[in-house]
Amino acid sequence: MPKKSKSRKSKKAWSGRFQKAMAKSAEEFTSSTHYDVRLYKQDIVQSIAYAQTLLKAHVISAKEAKRIIKGLEAILKGMERGKVKLDPALEDVHMNIESMLISKIGDVGKKLHSGRSRNDQVSTDLRMYLKFEATEIIMLIKKMQTVLLDLAEQHIKVIMPGYTHLQRAQPVLLSHHLMAYFEMLERDKARFISAGAAADVMPLGSGALAGNDFKIDRELLAKELGFSCISANSMDAVSDRDFVIDFIAACAVLMMHLSRFSEEIVLWSTWEFDFIELSDKFATGSSIMPQKKNPDIAEIVRGKTGRVYGHLQGLLTTMKGLPLAYNRDMQEDKEAVFDVVDTVRTVLDVFGEMLASINFNAEQMGRSAKKGYLTATDLASYLVRRNVPFREAHKIVGEIVAYCEESNMELEYLSLKQLKQFSDKFSYDATRILSAQSSVNSKDVPGGTAPNRVKDAIKHARKHLLHDKA
Amino acid sequence: MPKKSKSRKSKKAWSGRFQKAMAKSAEEFTSSTHYDVRLYKQDIVQSIAYAQTLLKAHVISAKEAKRIIKGLEAILKGMERGKVKLDPALEDVHMNIESMLISKIGDVGKKLHSGRSRNDQVSTDLRMYLKFEATEIIMLIKKMQTVLLDLAEQHIKVIMPGYTHLQRAQPVLLSHHLMAYFEMLERDKARFISAGAAADVMPLGSGALAGNDFKIDRELLAKELGFSCISANSMDAVSDRDFVIDFIAACAVLMMHLSRFSEEIVLWSTWEFDFIELSDKFATGSSIMPQKKNPDIAEIVRGKTGRVYGHLQGLLTTMKGLPLAYNRDMQEDKEAVFDVVDTVRTVLDVFGEMLASINFNAEQMGRSAKKGYLTATDLASYLVRRNVPFREAHKIVGEIVAYCEESNMELEYLSLKQLKQFSDKFSYDATRILSAQSSVNSKDVPGGTAPNRVKDAIKHARKHLLHDKA
Amino acid sequence: MPKKSKSRKSKKAWSGRFQKAMAKSAEEFTSSTHYDVRLYKQDIVQSIAYAQTLLKAHVISAKEAKRIIKGLEAILKGMERGKVKLDPALEDVHMNIESMLISKIGDVGKKLHSGRSRNDQVSTDLRMYLKFEATEIIMLIKKMQTVLLDLAEQHIKVIMPGYTHLQRAQPVLLSHHLMAYFEMLERDKARFISAGAAADVMPLGSGALAGNDFKIDRELLAKELGFSCISANSMDAVSDRDFVIDFIAACAVLMMHLSRFSEEIVLWSTWEFDFIELSDKFATGSSIMPQKKNPDIAEIVRGKTGRVYGHLQGLLTTMKGLPLAYNRDMQEDKEAVFDVVDTVRTVLDVFGEMLASINFNAEQMGRSAKKGYLTATDLASYLVRRNVPFREAHKIVGEIVAYCEESNMELEYLSLKQLKQFSDKFSYDATRILSAQSSVNSKDVPGGTAPNRVKDAIKHARKHLLHDKA
Amino acid sequence: MPKKSKSRKSKKAWSGRFQKAMAKSAEEFTSSTHYDVRLYKQDIVQSIAYAQTLLKAHVISAKEAKRIIKGLEAILKGMERGKVKLDPALEDVHMNIESMLISKIGDVGKKLHSGRSRNDQVSTDLRMYLKFEATEIIMLIKKMQTVLLDLAEQHIKVIMPGYTHLQRAQPVLLSHHLMAYFEMLERDKARFISAGAAADVMPLGSGALAGNDFKIDRELLAKELGFSCISANSMDAVSDRDFVIDFIAACAVLMMHLSRFSEEIVLWSTWEFDFIELSDKFATGSSIMPQKKNPDIAEIVRGKTGRVYGHLQGLLTTMKGLPLAYNRDMQEDKEAVFDVVDTVRTVLDVFGEMLASINFNAEQMGRSAKKGYLTATDLASYLVRRNVPFREAHKIVGEIVAYCEESNMELEYLSLKQLKQFSDKFSYDATRILSAQSSVNSKDVPGGTAPNRVKDAIKHARKHLLHDKA
């Protein structure tokens, strides 16, 4: 006669074969309720669909299905009202919900887990969550793109120095500069679309690792849960976290872009550049220095880039070298991705607002574009058009610049006579091309900073943004 | 009268405005010839197309274009024959080729760089290179997938223990296990297709950062260079390395997958598992222990995962917080991506060969699948079919397992009488379901390990692989 | 006449020069109260010492100092009782405490911040915190070392296979294997001692970045706060986070060690190795598979390694390329280091407990050490002692192993006659050295696995641990 | 009668038990000769000492030892002359040297490896190498510190704006700013001293993992090889790579510091800051823009920070989850650490040279320190000295700044009358404290920017540098 184990008193759903209860410290260490509670909605929605599938597979009766579904709906409402407290001893949100269900509707509730393992259940929840968050983040990106388009339109006439190596290089339109970020965000959206698609594969029905043994209709289940397709291999399905890594990688690149923009916000708001003034609403002061106005938002965004990179590296490391199929290490995916989602959403939100409230100092930008020989390349191109080989033209203009530096003079103040000392190809029209405006106008190719090209780019972007329903 | 600067004697193409020659140490530090020589072919092909574009834009004459193109073709041939030595003092492969061209065809060669900057030139080369490498890697992945399909077909009857937490969980087909890796590689291919598409945007015509000032036809140029589209913003174009990061991220996830497979190769070839024997051709011995046969290939692959992760993190870090547009920091992208390409290509190659030569020990796998109560879940499902709520069934079977453990007995040796002591729902057919084969058969859902399902999966995969011309 | 700005109503301590209040979203984004509340104790202790210093520097009177200190002590008590709620709008714990002080003792409280900036204040708090945590972690490491010593003593007679490449290599004592982790932890302790020393430099008195302008006695202040020395450069002091990185790096290496140990716990508790049984108190079951007993603690520890690595990379990234002196990006240090401290402390705690409750299966270990030709090297050494050059001896024994493999025989069952077929140097005593025990005994060098050496090592370690009061 | 295996013809030292030769691809994949050739010197020196130890342990005769040592010395000479080509099929530099030895002195050479494994051999080589490199890097750091001290002395009178959040904060001495980097480098040196000490433990005598079986005198061996101590546990010894991680971590923090300095070099050389001019010897031009002079050295240093971070992350990842003892994954340590050493040495070298050749624009720095209300805090401190509570004083000055901003006026041009409108505590001496010089003078605490304090710091640093013989 088999003896009854002590552990039957355990709260654990799996305690049948165990003789001793889990140590308190181990229980706390392994419990995930404090963060996976976030998935309660996905979990209940999934369970409702799963109950219907069990019904269709004749594992439960119509009456049982109805009671289970009603019970789950009641729990969902309770949780939405915030009236439910999870018990960490029940390990995770999934076991908590099952336990609530059983205490609400009795033994029928014990039928829900038939053929389902937490291995496929958790992955399904997380995929539902990330599909949703990918869409949310895309919407936030679009919002920021709209801010950029608005700014680009408003400032279409503003010329500023374009930089390479942070040295003044050539004049560009401020709008052109802003539209560069529009393009980065465009690629970010594409990455989140891919990440959403990566998540859009239903693992449910993979069981613990070998598959479901109740011949459930996985295709139908996927349809009801809004998944585009089902996973093709149960062992892969329960041990795959590629979709989380894809998502975090998309976030990492987005943060990289915003770190670059942040760097520019910080630079532009220095006393030295003086290209922008931040609104008081998006700047902070100093606890000791009364005069300070600091671009903290941009700095924190730049700083948080490290945080998101860290999560990417963290999860890649965690997954390294794990044998098939599910291993508990993977539990680390959730806190990482939740923190990344929170970070990215908040950052997009507040950075966009800050951006919209910036006051651009067009005058100072224009002034800066005039100092630093920014049209030297235009002068070389002038010579090229007069049949001087470019490499020769480059040298000639290099010497002109050296001469100007010594004489502390800007290119546009050179007389034709002075120019001619360097090359007899210069003629009366040479000095005309030395203005920033002329330089900008001449970059008349698709993607160039010529005003008509930038206007086209903005128009095209606006249209694209409207019709894009990703 | 402007004085001639000393620096005119410098080898540098840009020395016009400089008074002093670069320090030797600085020259060596900034030079990239020792690695970017790899891009010579892309660079020359690009230059030929660019010369044609300059012709169409009336910057050079037909005769000039012809001489430039002929010169470039000669240089290409020379480099392919390995007869060319680059001069590090000329900074990079691009300036070396320009310099060779000039010394070969004279002053006409100095016209080639008109309107082009290394900023758009280098990015175009690198994109051409990565487009190509993405395709190459996809082909290598397919090759490994073919090995997996062959192995899966050959061993379709082999049953082995499936693991979770590295504990024996449920019986699965070896073929099913192998096909899990097929699926991972399937996702990897998708990632390289995306990475290839990300690279497939032509930045050429963006100039230094503001655009090209010779009204060249960028669309036509893209067509000739085999690019699907052109970049939409010149500032973004020259400062964008997303495509490199996307590529390395795809490699990182691929390596993660292979690190998992490697871990299993290492485990399976232990004395303890004894599931496989590596061919002598893909194993190594010990310098001191005469009996050793080590799975070094798998270990090194697992180890190199860190290397590829490191490059991903490295480049993300490098790009963090850089203001627009081009900054020299970005030069670090090339050594990283070259090393990643070499690593991944070699790894795919040798890992695939090693895989194909493995000797699977089917007998030992089968034996292992019989020990460890792997069909306990099937017993629970049996009870569920007899209307015992699953959670109750789980507990009952848990107690049966505890009983077996104490009695040191496997499930399949339990008599009906013994079973009935735990639940009266057990009847004569209960013991039939306790074999590994029966367990495997019952996972009869898409993606499950039932033999018919696995055969379908293999057939489908084979067909897909044939028709997939990514 | 200057107009009164609206912002005087702002809660911010620095609102004097601002016209508009901070946006709610920006306020939330920049606030750190939800995590830096952890530093309240350090902050108050610091402020009390700072008040005394201000008194000595004649910035405040004795009466004022007394009131400030009394006020701070009352706040400390309140916070310790958990009766205080921080206001996020006040930015951080430091401003909250100052604000409480002012509302408690009036205008005198407004004198406390004289000459002090949050830049030196925060860094001082964090250093005090990490000095403390370094000590705490060292104590936890010692606790785990004690567990290891106890186990090593208990199992001093147990022989097991030593592995390289996870292939059986040579017999070793289980105690020797366990003592390898003792050594790793020994190095970890050294790293935390270094990290503690790195934190043990007082930045207070550096002001915002230029130094304190009230001629305070920094040396005395350091003494009162228990710092060993003061920072030597105020700009470095407020922008230095090396000490945080050092601390997290120490944690990363510790986690790497524990990930290796965890891997072994996972391996050893497989059905295949069967070297240990985990206590039910430190194992978990499966929601679906009734027979499972999983080594979750070890898996989660292994998984959390990625998390700690991620924080290291995150902070390194955040600090990259920041100009002097303080930048707000650095605020990201705290959440990272708090999470790392929590992770490492919990991991050390629960991993140690799990370790202590492990049941080692000595019999199975011994059995395993007998299969796999683990004494082949001993046989080669035998030949070396008979003047066969080692490389020759290695080859001979390699052939003997090949012969045994073919004949499916262990080395110790070879007859002298059989041995002699491979080399005539073998004589009657050759077979004696082929037992695991003999092999172990022969590794009789310091650090070797010979029982007397291992006993010495344990004894020495025990003594060292007792007298070590790091 | 045992059959002779084909593999006896293999070049591998371990081929005795193998039937088939290694595949070419596997051979190439596992070979490390192309990079570990770097360790040839350490390897030979080690072998010479090991031969002497074998002699003392009576494993070889005096005559044999002499021949071995002479042979090794000849090989060393040959390699130093660059006359030796390694054979990749021999796996690594160690087997190559053994093979050369055997072909040079015959069978006696086959005795050298007695009791030694590559596991302890490689680790010993690498430790010898890193001990040396730690010292080399410390010397390069000192060289850069000397440059900093020279610059700090030369420019002791130059006042510049100190920044926080890249906003002008308070005036500081340029020398003080430079000395902040001196301090960072001081900590870096300490880290390399630690890293050197971590490497300074001899693993030789640990054999493959269990210890040496010829009772060699490890202590004596360590003494001869210049190690301070011997490893305490053979299993730990062969699987420990902490010392490599410590070394790379030290490099990562050093690079972080230099990335910050680089960022400042880039900023300071912009048209906007105009604080410095780089020497033509350490700047580059543009292939297209004739006027450009770019701070490429600083940019590349900043960029290479990612590279070194990547290696740190890479090796940490590689070591994660490896069971004891040696695993081949660890082979990845060498290329990583070699690249890091090369990077750091070159960076220190060229960055230091660049630094020394910088032309500081003192006038522009001074001008900048006058604009931006940098002495606002001094004004608040003035009020504090007149018994206005600091928080009140901060508000008052904040309003004064707001007033000045509106009136577009600097603080120092405020009349006493104007000041008095904000507080009647202002008196005739208030305006005196508003100069940058006065502000700097007032930071008269240890570590502060007051000229006497900075001079003391320089003097102390110079002295310390001289007497420091790390």
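The chains carry the letters A, B, C and D, assigned in the order they are written, with residues numbered from 1 in each.
Just so it is clear, a contact is a pair of C-beta atoms (placed from the backbone, for glycine too) under 8 Å apart; a residue touches a chain by one contact, two chains touch by 3 or more.
Since this is a predicted model, take the numbers as computed values, not measurements.
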**Report entry** Any chain in contact with subunit A as well as subunit D
**Finding:** B, C
Query raised in the report: Count the touching C-beta pairs: is A-C or A-B ahead?
Result: A-B
Report task. Would you mind working out whether subunit C and subunit D touch using mostly the same residue numbers, over half shared, or mostly different ones? Result -> same
Query raised in the report: Rounded to the nearest whole Å, what is the centre-to-centre distance of subunit A and subunit C, using the mean of the C-alpha atoms as each centre?
Result: 31
Report task. Could you tell me the distance, in whole angstrom, between the mean C-alpha positions of subunit A and subunit B? Result -> 23
Requested in this report: Mark out which residues of subunit D touch at least two other chains, giving numbers and ranges.
Outcome: 13-19, 113, 115, 119, 164-166, 169-170, 207-208, 267, 285-294, 296, 299, 302, 305-306, 309, 312-313, 316-317, 319-321, 327-328, 377, 394-395, 397-398, 400-401
Requested in this report: Indicate which of the five shapes (line, ring, star, complete, other) describes how the chains touch one another.
Outcome: complete
Report summary line: subunit C partner, complex, touching residues on subunit A are 7, 12-23, 25-26, 28-30, 91, 94-95, 113, 115-119, 207-208, 279-294, 296-297, 299-300, 302-320, 327-332, 335-336, 346, 349-350, 353-354
Report task. Mind listing the subunit D positions that touch subunit A in their complex? Result -> 161, 164-170, 266-267, 269-273, 285-296, 299, 313, 316-317, 320-321, 368, 371-374, 376-377, 379-380, 394-395, 397-398, 400-401
